[in-house]
Amino acid sequence: MEVKLAEFFIALAVFFSITIVASNRLFLGIKSYALQSLSIAAATTLIASIENISHLFVSALLMLIVKACIIPLLLFYVTKKLNIQRKIETNVTIFDSVIFCALIVVFSYFLVAKFNLSSRVLGFNVIPLSISVIIIGLFIMVTRRKAITQILGFLTLENGIFMAEIASTHGMPVFVELGIFMDVLIGVIIAGIFVYRMSETFNDIDTEKLTSFKE
Amino acid sequence: MINLFVVGISAVLLGAALQLTLPKKASLKLNYLSTAFGSLLVLTSSFLMLLKGYSNTFSFFSPIPLLKVSFHFDSLSEFFTFVISLVALSSAIYSVGYVEELVEEKKNVKLFNLLYSFFFVSMILVVTAWNGFYFLIVWELMSVLSYMMVSFDYKNRENEFAGYLYILMTHLGTAFIVISFVLLFLKAGTFDFNSFEKLSLSPQYALIVALCALIGFGMKAGIVPFHIWLPYAHPVAPSNVSALMSGVMIKTAIYMLLRFYFSFLPNLGINFGIFILTLGTLSALIGITYSFMQKDLKRLLAYSSIENIGIIFMGLGLTIIFNATGHQTLRDFTLVGVLFHTVNHASFKGLLFLASGAVLKSCHTKNIEKLGGLIKKMPTTALLFLIGSMAICALPPFNGFMSEWIVYQSLLSTFKLNNETVRLLSPLFAAALAVTGGLALATFVKAFGISFLGNPRSKHSENAEEVDTFMKTGMWILALTCIIFGIFPGLIFKLTEGFTGYVPTDNLFHLTSLIDGKSSVSNAAVLTALLTVFTISYLLIKADRTVYETWDCGLNEYNPKAQYTATGFSQPIRRIFSLILKPVRRVDVRRKAFKYYTQQMKVEEEVTPIFEKYLYLPTALSITKTADFVRSKIHCGNINAYLFYIALTLIATLIYINVR
Amino acid sequence: MEVLIGIVQLLLIVILAPGVNAVIHKTKCLIRGQKGPSILQPYRDIYKLLNKRSVISDTASWISRFAPYIIFSVSVVAAAFIPVFSSKTLFHFSSDVIGFTYLMALGTLFLTLYGLDQGSAFGGLGSSREVTIAALAEPAMMIAIFTVCIMNGTSSISEIFTKLSVHPLQAFSVSSVFSLLALLMVAIAESARIPVDNPETHLELTMVHEAMILEASGRDLALIELGSLIKQAIFISFIASAIFPISGLLGFIWYLLKVFSIAILIGFIEISNAKLRFFRVPDFLAVAFTLSVISLIVHYLEV
Amino acid sequence: MELIVLLFIPLLGMVASFLPKREYAFLVLSGIDLGIGVEICRKVLEEGRIFALSNYLFADSLSVLLILIITVLSFLAGIYSIPYLSAENVNEKAKSKFYFLINAFIFSMLLTAVSNNLGILWVGIEATTLSTAFLVSFYKNPPSLEAGWKYLIICSVGIAFALFGIVILFFSVAPYLGYEADVLNWTNLMSAATSNKININLAKLAFAFALIGFGTKMGLAPMHTWLPDAHSQAPSPVSALLSGVLLNCAAASILRIGNVLGATGEKEIVSNLLIFFGTLSVFLAGLFLLKQKDYKRMFAFSSMEHMGLIAMSSGFGGMGIFAAMFHMLNHAFTKSLLFMSAGNVLCSLHTREIEKIRGLFKTMPITAFLLGLGTLAITGTPPFNIFSSEFLIITSGFVTHHLWAVGIALAGLTMVFAGLGFHVTKMLFGEPSFEGNREVSFIQLLTPVILLIIVLVGGIYMCQPVEELLNDIQNNVLRFV
């Protein structure tokens, strides 16, 4: 039962990543991200309890604090502070993007179909799902023009990796996990500073404008 | 002997190091005299080594894998050492006077001196190297040093372009040389030339190696169509350097080709020989045709180098043909011809470049159209230039004739072969060589006649002065060489005996061909006869002359501008050969109000360098265009696109992994 | 004895040289219906010139002073290569045909330099044209010579003469006819005759040889002219020697006969042709080249 | 113990960067670090591998190679930075930031070099990105900000993929070896791979992700896009470190993971992918270099080319590994030489545009010489060291019958030569576009001169320890690539 529930949360995370793709407002994207992190944290907790791995609880807690609370709040803060236009600007229409996400999920299954993967607890589905979240994250980064949405895409990607971790090996070794969380946090802070500086210098954070190194 | 050699090289290096501490003028003397002294020692030692058949190898291991610093002395390398140090000797003595100009122009003379001495040493290292890896290092060292001297006058755009083109072509050539060495390495397991010599390769493999070597060394030698750098680089280099570059540096390529074709790959087929022969003929023809068209004295000489390299290649091709058909003696004989023309070209082209340097120093221009009448201002230089010209036109009794004669005789000897192609082609090649000879004559009549004879065409040549003793001495050494090798061809046969294995039956003066053993030439006899008739007629028919002005159709307003120009002189050939020369003519007419009277008219004629215009330029342009396109597409500056590349690459890689 | 025969042969060509020219001229005059000068006229001209002081340009350098002697010497030495009635020429030990051609080129070099030395416009013009013609005539001559050499298996003029005189008929073939014709055309070009050059006129637009020696006078002119005449005689003798050569005294008479008939033939050619425009000369030489190539191929087919 | 000290000193440097005499503190500390590096080198040569911190840190010959490059170059960059920063009129606060970040940067690079654990290695590499992002945008002008942003985003994505690769790799061995942290130690991974206690399919997948991920950081085409922007915008000493050292750390990580996969018998995938990306990088770099406007950017493209060569050569295996490692060493020194010389030009003439600079031989004679010789060196002209390694690379390519790769690479190298030669010639020759003598100070010339000497001597001579190191890497450390 718990295993099924965990798998459900993981699937939910995939769903939220598609919501991020589908959202046309920045806040909606950030909220989706927070929900995604939340569902992953839930899945983690479930697996931790099934397998009784103590450090996974820590991971889940960190997930909850850092990714579901601090980072979304940070992003809200930056968006408000810099008066960023709330609309998400895309290179590909949202309709196409969502269709594309479906393709990505299919591709992920195709990719690992041969490998016969299953972890100790979770079923076969989890690895391809996490790969699709990763690629969807990358897809967001490729198609979304604003700097802040790119951060969002990156964070989705990162979540995908975390999903893969808990699904496959029930988390990485503790200090690696800690390092990763540290890095993500610092990375987001640095990226935030960059966004701040950029909006100061360019009055905009549309990456379309960042093409002075055109050759 | 080897000690003498080492002392010589160390003298050069020591001189180059010590001169850095001296003031400019003194540094110049010290450097060049020590170089001259060193090269004299090297010359002597290589001469002695050649006579005694000395052969030895010295190796020093390096921790870098496959690299071995090894020096080898055998008759071939000694012969080239001999040639290099001969030209270096005269050029060094010449430089004492010549380089003063750089002092006056406030250039960094000490650096130049250093480069010059190192350049000489690097050439010696090239011809004594005995390991492929090490060879490439010294080979490129030589190229880089010469490149630095070519572009020494860095402010000049011409030098900049010439240097760039030169080093680029050299680099391209080196890539092919690397391939040829590595191909040999694959079979031999080491880069030692020893092991290369022991290989027995399949014909196809050998052919690929031979072709790579041909392209690689052909770039350096300046064979058509890889010659394009040569007419730019040689003219802009200081003349003492051009003498070394044109006289001997491009010969180092010949040296390596000889090694490749006769030591490493002795089983090249007859068709490759025909190919080389054809290439050589083309070079000779194209080189001399363009040479005739030039107005720049040094560029004219540079193009003529292409011609002479072509003649050497003709000999090389014939040697391969004879080698393939098993005519051992003919092969040996022709090989002597190749080496003979190498040393000859070194001596007369060195001489001519030095002489043109003297003109340049004295008149500050290389443009023939602005010279004229120099024979009275610079009598010695004029005489020396004339000697060089006669030698390069292969006129008896000078040395050029002897080597060209051997090539002719080898071409003639092909009628003994069983190969129809060769038998039919070789008279045509002989005809091409004959045109080359005729055009060479025309070229040097133009070069000497327009620049030294008649009246000065500009202020440049009016104020010319004879150069100093050092420069004259340097040139005289080479001029004497031209005469000595012309009269004593047996000397070269003696010196090359070790490599070619050809033992002549004649004495020093006489040269007999192998067709029937009766056709022979003797410059000494011709010279004696000429001198006899000349003396008798001179004494009998006394020169009793009245001096009067040149006939100017009775107008009494003689103007030096009435003289034939260099452009005019070459016009008939330009018109006749317009198919390959593609002359471009610009006529600029300024009329007065009444349109039938022209006030001023300016006619300029130029030839199109076809290889550059129709081969290199389009290639380069299409490459840069493609590059521009690809660059602007890939580096569009948009981060989304950049991320997209990553995504795409990732997916492609994953698919690859999955499919495997 | 050998030396004596050599000297006799040499002197024969030198002495005959003006006469050959006179015969050509006489032939032309006779065909034109003129009486023409005496056969001895060229000898008289040269004698007269030799006794005159020469005037030299103030621009001229030592090239002008020595060139006439050098041109003359080259011609004389080259004449020593040519067998007339015996293969024992003065240079029979090294009478290589390629050496011979390049020796002649030495004369051309000094002649053209002489043309440039006085700084006159005409000299430059003459020199330019001369080198052009020389360069274009070379290939035809070289292939023709090569064919003869290949036929006889040697490149020594004396040897060719010996071989030909041993088997005069055997060596005569279609290919040698072609090569001799080619050589004749080259000879016409090299000795500055119609249709390449007109030795009888001093018209600026057409002259080649005369333009170069426009400044020469007196003894200088005599030497240069003599040199050119010897050169012409050498070419004719060379062709003559290649047609049924016979050694000995009979050969001497046979030689004279051949030389003069070639001279008359040249006279005929001259009178029946107009001088070609300079830029048509390559066409003329191209014909010679083609002939010589045909002769070569025919030779290979015959074998 | 040495390893811990080695890592501790840059941390000390981070603290010291708040002191007033921070530049000298950095100099002294990096000097000490260099000494420790040499000591580690000696010890490794003597004992083979050394371990520290319960096996989480270790040093084998590959680490030693990286440590030597890092410490030598950071010491030289330390010397160079003193006059450079004062010539650029950097204020005290910025200086303190500069030294803080550069110490963090060196620390993170050293961490990647000595970490035995794949997880720590990842943290180290990610830390380099984070620490240098602000160094890239040090001048705070719009282009540097843009470059910094692109650097941060692209490299983060890359590194994220690498992390995913590491996760998969962990997954591939964890079922056999357990879920403990030390499973990710190289030593354990290698023994797992050789004894076939690994899911090969997963390992392949892991390698693919790691290659793309670390390849982004290494500058392999087509993930290289951040590289020219970042390298050209960073202050010159940082550019020297970025190009000379950081790329090598990423390369070493790829090779180590490739080695694990290779040990399972899947050598071919590793070598094929490395050769493909390597050749592509060399060729594309050649195309890009044909026309450039900014000289620092041009040298950055050249770094991409050399990383391509290293990847390609590693793909050849055997002697190719030796050649690649040798090339790594050579490239590090030569590229630092070039960036420092270019820094001198920038310092003195305040323009990056090639078009605007002519006649450097007149205005800045010594710098011009350094730049000219450096260009000859970087394009593989003997007698400089790059030639030797490039020659070995080509030879090993032929030996392993990768003719196409070598052919394309040679074409690329020729274009690189044409492009670099053309642009540098333009800068050095001609009538000077600036007046007077603009030569920089003695110390600013000293470092490139030292590097030039190293580069020149390295062409002919290789000292014994280096040879032993490289041989050991070829025969032991990266045996399976």
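Labels A, B, C and D are assigned to the chains in the order they are written; within every chain, residues are numbered from 1.
The definition used in the following text is that contacts are C-beta pairs under 8 Å (C-beta built on N, C-alpha and C of every residue); 3 or more make two chains touch, one makes a residue touch a chain.
On a predicted model such as this, the values are computed, not experimentally measured, just so you know.
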Legend entry - Most widely separated chain from subunit A, with each centre as the mean of CA atoms: C
Legend entry - Which of A-B and B-D has more C-beta contact pairs: B-D
Legend entry - subunit B and subunit D, separation of their C-alpha mean positions in angstrom: 43
Legend entry - Distance from the mean Cα position of subunit B to that of subunit A, given in whole angstrom: 69
Inset, instruction - Just give me the whole-number Å value for how far the CA centre of subunit C lies from that of subunit D. - result: 77
Inset, instruction - With chain centres taken as the means of their Cα atoms, state the distance from subunit A to subunit D in Å. - result: 31
Inset, instruction - Could you check subunit D for residues that touch two or more other chains and list them? - result: 149-150, 153, 157, 161, 205, 228, 288
Legend entry - Sequence positions of subunit A contacting 2 or more other chains: 111, 114, 138, 141, 150, 207, 210, 212-213, 215
Inset, instruction - Please list all residues of subunit B that touch 2 or more other chains. - result: 631, 635, 639, 643, 646, 650, 654
Inset, instruction - Sort out which chains touch which and give me every pair. - result: A-B, A-D, B-C, B-D
Legend entry - Complex interface listing, subunit B residues touching subunit A: 631-632, 635-640, 643-644, 646-647, 650-651, 654-655, 658
Legend entry - In the complex, subunit A residues that touch subunit D: 111-112, 114-117, 119, 134, 138, 141, 147, 150, 154, 157-158, 160-161, 164-165, 168-170, 172-176, 179-180, 182-183, 186-187, 190-191, 194, 197-198, 201-202, 207, 210, 212-213, 215
Inset, instruction - Write out the stretch or stretches of subunit D touching subunit B in their complex. - result: 149-150, 153-154, 157-158, 161, 204-205, 207-209, 211-212, 216, 222-223, 225-226, 228, 269, 273, 284, 287-288, 290-291, 319, 322, 326, 359, 361-362, 376, 379, 381-383, 387-388, 391-392, 394-395, 398-399, 410, 413-415, 417-418, 421-422, 425-426, 428-431, 459-464, 466-467
Inset, instruction - Over in the complex, which subunit D residues touch subunit A? Could you list them? - result: 117, 119-120, 122-123, 126-127, 129-130, 133-134, 137, 140, 142-143, 145-150, 152-153, 156-157, 160-161, 163-164, 167-168, 170-171, 174, 179-181, 183-184, 199, 201-202, 205, 228-229, 288, 297
Legend entry - subunit B to subunit C touching residues, read off their complex: 372-373, 375-376, 379, 382, 390, 393-396, 401, 404-405, 408-409, 411-412, 415, 420, 423-424, 427-428, 430-435, 437-439, 441-442, 444-446, 448-450, 453-455, 510, 513, 515-516, 518-522, 525-526, 529-530, 533-534, 537-538, 541-552, 560, 562-565, 568-573, 575-576
